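Structure provided below as structure tokens; questions to follow.
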Amino acid sequence: MIDIETKQMMEFANNNPFARALDIEVTHMEQESGRAALEVTVTAKHLNPHGTLHGGVLSTMADIAMGVAVRTLGRVGVTVNLNMNFLAPGNLGEKIIAQGVVVHQGNTLLSTECTITREDHILAQATGLFFVIK
Amino acid sequence: MIDIETKQMMEFANNNPFARALDIEVTHMEQESGRAALEVTVTAKHLNPHGTLHGGVLSTMADIAMGVAVRTLGRVGVTVNLNMNFLAPGNLGEKIIAQGVVVHQGNTLLSTECTITREDHILAQATGLFFVIK
Amino acid sequence: MIDIETKQMMEFANNNPFARALDIEVTHMEQESGRAALEVTVTAKHLNPHGTLHGGVLSTMADIAMGVAVRTLGRVGVTVNLNMNFLAPGNLGEKIIAQGVVVHQGNTLLSTECTITREDHILAQATGLFFVIK
Amino acid sequence: MIDIETKQMMEFANNNPFARALDIEVTHMEQESGRAALEVTVTAKHLNPHGTLHGGVLSTMADIAMGVAVRTLGRVGVTVNLNMNFLAPGNLGEKIIAQGVVVHQGNTLLSTECTITREDHILAQATGLFFVIK
């Protein structure tokens, strides 16, 4: 069961116009855990000219998954660096999951990682640096 | 004046479902130049929860600008690494320009850079590595 | 107990002129594990002008730890991308450990991660992309 | 002719134990220019097991070239992110040059780029993020 505070936190996290435009949904965040998860199901609008999932969708998922992970710690950050390694293509109709985790908390910078998978297959690995604004 | 081959190349580059969903338009590519440019005007759907341009839009623009720059050389690549430094926020209504350039051509890997600006102000700098598929 | 093949593999890995110049020693690699570990004890030559461990030493450790992890899989790669997030300073006299792991094996590219620590404290996180040469 | 302040600034920049251990020399920095250059001549100690210039040397050069470029602006930063794309091998006896430039100055973060060449050939491209400490 998800408690009320976690539910409010998830509603807040899902109140993201660009995530909504891409049908990306925050599915998991737990207070003080430094962890969050997102999902998207690949539809026609998410595709690149090769007919596979666009790297921009994966980059967006990584950015959000890591930013939401930061929020579970009661902190708010803006992304200053995002590094993406694209390892395998995603395809139409697949459910894609991004899992973000905070690796290190400094006073002004937080460091994060994200793994993006489809079933047990890794599609992308990412790292992030967030500058704390509150 | 844009010649017919360049026009066909730009129509091809704009035939990108995810770029169209984001209203990103390829505005410049020239055969054999290794350079390309894109534009987007920031609307409500492009925003993050802070009310500024989402980093996922900037990442998508960088990925496309660099991939299109690769295509001007008659090569087709898939992005294997994308590194983004986010330097300043973009705002509603602004016109954002991404300029991609090929830095190095190897047999199987190409290296690229991208600068994203609004007027004369830099919003993000990016680098990319592309694996050549043809 | 380390078997003979592992011992030979470690001697080969330690036969690295730049690693020797920096007193970096491969301490762990196991056949087919995709994992390796290195150590260095910080001495005066490793310092930056602030008097702390130079980021170049950390970058070198990450590069080697990930490359050696690739070798445990019977493959040899050259680094094409290295991304470093520097999280905390290392100090004179401390023993620094880098642990590399292969995240994904493609036909021509391998993706890796590395965590660098001093005792239980993380100093740097890294990712790598390796191009397979055999 | 190099003026006295620039000379003092270069002596300070060359007072870097790890750079000295690697025979890396700051050859160019100009007050308020946001630009700096370094050189190294590849000797046996700089080599990797393939017999070419170790990526750790290139990473160190990029880190220093960009950090020294930051100093020309009268600011001092610590590297928080370093991204390296390795494009071609360096060889024994070659003179390698790294040129760093500040791309963007924020209040607390500066963004930089570096190109490393041997004659007219590019060996590596890098980006950096520096956190300002004064």
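Letters A, B, C and D mark the chains in the order given here, with residues in each chain numbered from 1 onward.
As a working rule, contacts are C-beta pairs under 8 Å (C-beta built on N, C-alpha and C of every residue); 3 or more make two chains touch, one makes a residue touch a chain.
For reference, the UniProt names are A, B, C, D = Acyl-CoA thioesterase.
Values in this document were obtained by computation on a predicted structure and should not be read as measured data.
Q: Could you see whether A-D or A-B has the larger number of C-beta contact pairs?
A: Higher C-beta contact count between the two pairs: A-B.
Q: Name the chain whose C-alpha centroid is farthest from the C-alpha centroid of chain A.
A: Farthest by centroid: D.
Q: How many Å are there between the centre of chain B and the centre of chain D, using C-alpha atoms for each centre?
A: 28
Q: Centroid of chain A to centroid of chain B, CA atoms only: how many Å?
A: Centre-to-centre distance between chain A and chain B: 22 Å.
Q: Just curious, how far off is chain D from chain A if you go by their C-alpha centres, in Å?
A: 34
Q: Where in chain C do residues touch two or more other chains at once?
A: 80-81, 83, 85, 109, 129
Q: Using the touch definition up top, name the residues of chain D that touch chain A in the complex.
A: The contact residues of chain D facing chain A are 80-81, 83, 108-109, 129, 131.
Q: Would you tell me which residues of chain A are touching chain B in their complex?
A: 12-13, 15-18, 20-22, 44-50, 54-57, 59-61, 63-64, 78-86, 89
Q: Taking the complex as given, what residues does chain C use to touch chain A?
A: Touch list, chain C to chain A: 81, 83, 85, 87-88, 103-104, 106, 109, 111, 113, 122, 125, 127, 129.
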